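These are the structures in question, set out in turn.
You will see chain A twice below: alongside chain B first, and alongside chain C after that.
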Partner chain A sequence: MNETQHLSSQFDEELNRLRTHVLQMGGLVETQISLAIEAYSTAEISSIKSIIDADRKVNDLEKAIDDDCAHIIAKRQPTASDLRLVLGISKIVTDLERAGDEAKKIAKGVRRIYESGQMPMQYGVGVRHLAEAALALIRQSLDAFVRLDVELARNVIQADSEVDTEFKSIIRQLITHMMEDPRTITTSIEIISIARAIERIGDHAKNLSEQVVFVAEGRDIRHSKESAA
Partner chain B sequence: MAAQKVRALLLTVLSASIALPIGYFVAPSTGWAVFSVSLGLQLAFQFRQFAHLDRWSRSPAVDVNLEGEGEWDGVFGRLYRHEKDLRAEIARRDEEISHLLAAGQALTDGVVLLDRLSQIQFCNSMAESQLGLVVRTDRGQHIANLVRQPEFVAYLDLADFSRPLTLRSERRDGRVYSIHVIPYGNDRRLMQIKDITHTDRLDRMRRDFVANVSHELRTPLTVLAGFVETMQEIELDAEEQVRYLAMMGEQSKRMLSIVQDLLTLSSIESAPPPANDVVDMANMIDKLRRDAEALSAGRHVIELESDGLGDLRGSESDLASAFGNLVSNAIRYTPAGGTIRLIWRASVQGAEFAVQDTGIGIDSIHLPRLTERFYRVDRGRSRDAGGTGLGLAIVKHALNRHQAILDVRSTVGAGSRFAARFPANRVLGL
Partner chain C sequence: MQIHDTPQLKAEARNLNFYYGEAKALKNINMPIYDKKVTALIGPSGCGKSTYLRSFNRMHDLYPGNRYEGEIRFFPDNTNLLSPDVDPIEVRMRIGMVFQKPNPFPKTIYENVAYGLRVRGETNKRALDDKVEQALRGGAIWDEVKDRLHELATNLSGGQQQRLCIARALATDPELLLFDEPTSALDPIATGAIEELVHELKKRVTILIVTHNMQQAARVSDYTAYMYLGEMIEFGKTDQIFIKPSDKRTEDYITGRMG
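What follows is the complex of A and B.
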């Protein structure tokens, strides 16, 4: 009796540590995204190096967490909600890592724009708004994961479609710009790739939230009506 | 205890002494029957009391006095009193704890209590709003699960709490917190969160100010010095001399206007409270419109929206310089063909002077810093437009002295609206 209790509490501690590592990784990715937005809107490109450096840490954490997941499954053979948590986490870290990659892409795009002496502000105010919306989605989906808050996760899944709509309207706007003034094409293409990366971040937030619903309720809502909303 | 034993013994002896003669004189079986009936009665009595106690102990209530019979009365009474005392004690402590928690809630700093594993035990509502926590659901969560910023996680991991951590909030835009972790008790930690947004900004403004003044004055001076040198060393023809002198004049005028603005600012800042003269607003607005038309030179449409009612109480020169700055900004940052609307609305609730333009607009990230000295949204552009970088600082100070606030709303590409709102006690003549 005492033995099993001891073991299970040690197991709980392992799971808690795993969760904390995931959220630590989440924190890094959140910061990467928010620094990238700041670099975009303030032309402060000194932080870009730290965004790229953070990506290495994110990658290391992804590997370490994946290892831990495999280890826990092999050693503890978790069942029911514990198993869902571990499976969910191994998917969540993939999405987080990719969101971090997108942040890196944004940072590099911003650097290219400013190094070529252009100012994106005049075309892409909407981009900052889009980026803030996507960052909010990542933040909310991580919060939903911490609290296993299914309602919040569902909100994120729905809000992602708003990000998609906004992305499309930015593209339309930029296309108009390019047609009006072909000199803006180079910068516009950079901005489009930045906006695309932001839109992808929104998608990763959505995937993350779907995993939260899976962890909390055991239902896989990927590619279902619920997730199409 | 002894009394109860004696009593139980006496009762048994009594039943025996009744049963014995009956058994002897009537029939032994009747005697036994009487004896066992009397013992049974005793047992039934005891069992009734036991059942009573059993029932009570399952959900001890203190609203009805717990009474037993016979020797049970003492036991029941003591148990009842014990329970009642305990409850009173618990209620007293609950009250004490709730007082303590209320005190924690009343603090203007955020407070989070963490246990050995850095899990949240308590946090006040200030901390909830600062860090985006929800105490109802987040108790027991590791703090770093919710405050995920890497700087914070590193600070917590390093466990060197000798100096506080300055953290820029991600959840509440632009707020800056100073987080101090104080270990206490056995391995517990108290996290104190102070909002230092204001002091942080003042610090930065002071640093920026010195750098900016020097920079703003150095630029025209360098140009001036360059021309002086050129004229000393190279023989110029008359036409070129005139051109150079004109440029030198321009630069020295620029420096003069910067110094002028700095002086205005410092006189507004250090002057005694503004005079309480009555400022004729109809007149003021008329003058502003004429100035605007002169400055615009027909490039903009100037509209007026005022019913000509209401006057302000204050310093005419301060207000004229504040309003004048708003108007000239609007003209400067509105492309030709745009519309500038001067609005004056006075009512018993207060008054508002607003300048609305259809200009280039200001991105919302600049709005909080707009009234800082030499803060520039777009460095090249505002200097080209001839600003000193002090206009809005002057406006803000002049308005502050009249207990008025400056409200700025702006959309990039669509235009801005700068409004000075005056409290009711500054408005008269309605």
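What follows is the complex of A and C.
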């Protein structure tokens, strides 16, 4: 990032505020995801309401940040790294908000599973591991954003494909369970949608990292070999 | 958006230095000007962009003590515009200039445009009429002045005067038009009209424009050069310069991190 101050200190403040809000939003989403994982592994469903409530805050932040981006573009006509930062942020918040939505889906799925009283314990481990990996990707992509660390962003993009592979293997396991014991089908389907939501969180972390590369280097690596790695 | 065609060279500065007496105002400028493209020169006050622009039509010759080194090659004939053998009057027939403040002659609208043609030796009334109309159309001002061609040009509004000056520059069919901050004395509407005109003009003429308005450079130009302290710091496609400049100094200037 260009560390030199703008002639307009107000502009500096506006950009800093924008960055702070993104991190605040990222923090909320991280908490949502981690609470959802906790609920899944521990059957502690009391936190589910707070996950769903947090989603409203995340949505509000998304709108507020987008609004700030529009104001900065209109008032400051940002160029170069400033322009890339504003454009990048406006995309990043979309992915963060969606990651938050996925956390909410997980939470609701967890509630359905435990309320129906059917949770075969052996299903837990793989999903938890997957969820922790996806959460780590969100954390790292936010770190990469703060430091504009392209190396870290690239690691996230690579690691996302591992999450995808792990997701597929969980699905295979669940299909086997369902074939062996059709009574598990309802729960297994819930778990599949939870795993799917986790896998999507990984995808959002990847998108976020792609934006970090754009903000830092001005290269759009979406849908390229670099992002397929 | 990418520009895929490889444009032809219209002109090229090669190792260009310029001195106002002892003061070196341009330092080893090397830069292409592409044919039928708009090239914007940006940079803080005193960076040499106007000095560079004025070298093209030998404006500096008017003052003693000014000195050029290096070349400005003009194509397709590969003339060195700065060569002492080249007649500045001839150069100015091929290279028109429009200034910051509209400067119509205190004559009629018609005579303003016909002036260059008369200097060139055109005397046929019919030919003059045609050429004047053509140039005024080219300057996007014909419709506004066709019924009062013989009124004083100085009665026009600022924006109209500036378009008249562009028409006057177009009358001699120049190959290159130099614009030295052509809209800084105009309101946003008149500015918009000139920018629209620049976009039209580049279909038939190459344009080099100095502007303090960075958004204007971004809007009207295909290529942008950033100059600082007499040096050409960075030259590139406008999209690249405004989204991902390569030089930190360019970045700092266009993002408003230095004056």
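The criterion applied here is as follows: the second predicted complex is superposed on the first by the 220 of 229 C-alpha atoms of A that agree within 3 Å, B and C clash if a C-alpha of one lies under 4 Å from a C-alpha of the other, contacts with A are read in each partner's own complex, and residues count from 1 in each chain.
One rule holds in what follows: contacts are C-beta pairs under 8 Å (C-beta built on N, C-alpha and C of every residue); 3 or more make two chains touch, one makes a residue touch a chain.
These numbers come from a predicted model, not from an experiment.
**Student:** Just checking: does A:218 make contact with chain B only, chain C only, both, or neither of them? Give me first, second, both or neither.
**Tutor:** second
**Student:** State whether A:43 touches chain B only (first), chain C only (second), both chains, or neither.
**Tutor:** Touch status of A:43: no partner.
**Student:** Now for A:143: first (chain B), second (chain C), both, or neither, which partner does it touch?
**Tutor:** Touch status of A:143: first partner only.
**Student:** Go through the superposed model and pick first if A:189 touches only chain B, second if only chain C, both, or neither.
**Tutor:** In the superposition, A:189 touches no partner, neither chain B nor chain C.
**Student:** Name the contact category of A:31: first (chain B only), second (chain C only), both, or neither.
**Tutor:** First partner only.
**Student:** After superposition on the shared chain, which partner residues are touched by A:77: those of chain B (first), chain C (second), both, or neither?
**Tutor:** second
**Student:** Can A:20 be said to touch chain B (first), chain C (second), both, or neither?
**Tutor:** After superposition on chain A, A:20 lies in contact with chain B alone.
**Student:** Which of the residues in chain A end up touching chain C in this complex?
**Tutor:** Residue positions touching the partner: 2, 4-8, 11, 76-84, 217-219.
**Student:** With touch defined as at the start, can you tell me which chain B residues reach chain A in the complex?
**Tutor:** Interface residues on the chain B side: 132, 134, 137-138, 141-142, 144-146, 148-150, 152-153, 170-171, 363, 365, 412-413.
**Student:** Write out the stretch or stretches of chain A touching chain B in their complex.
**Tutor:** 16, 19-20, 23-24, 26-28, 30-31, 34, 41-42, 54, 121, 125, 128, 139, 142-143, 146-147, 149
**Student:** Which bits of chain C are touching chain A when the two form their complex?
**Tutor:** 214-215, 218, 242-245, 248, 250-252, 254-259
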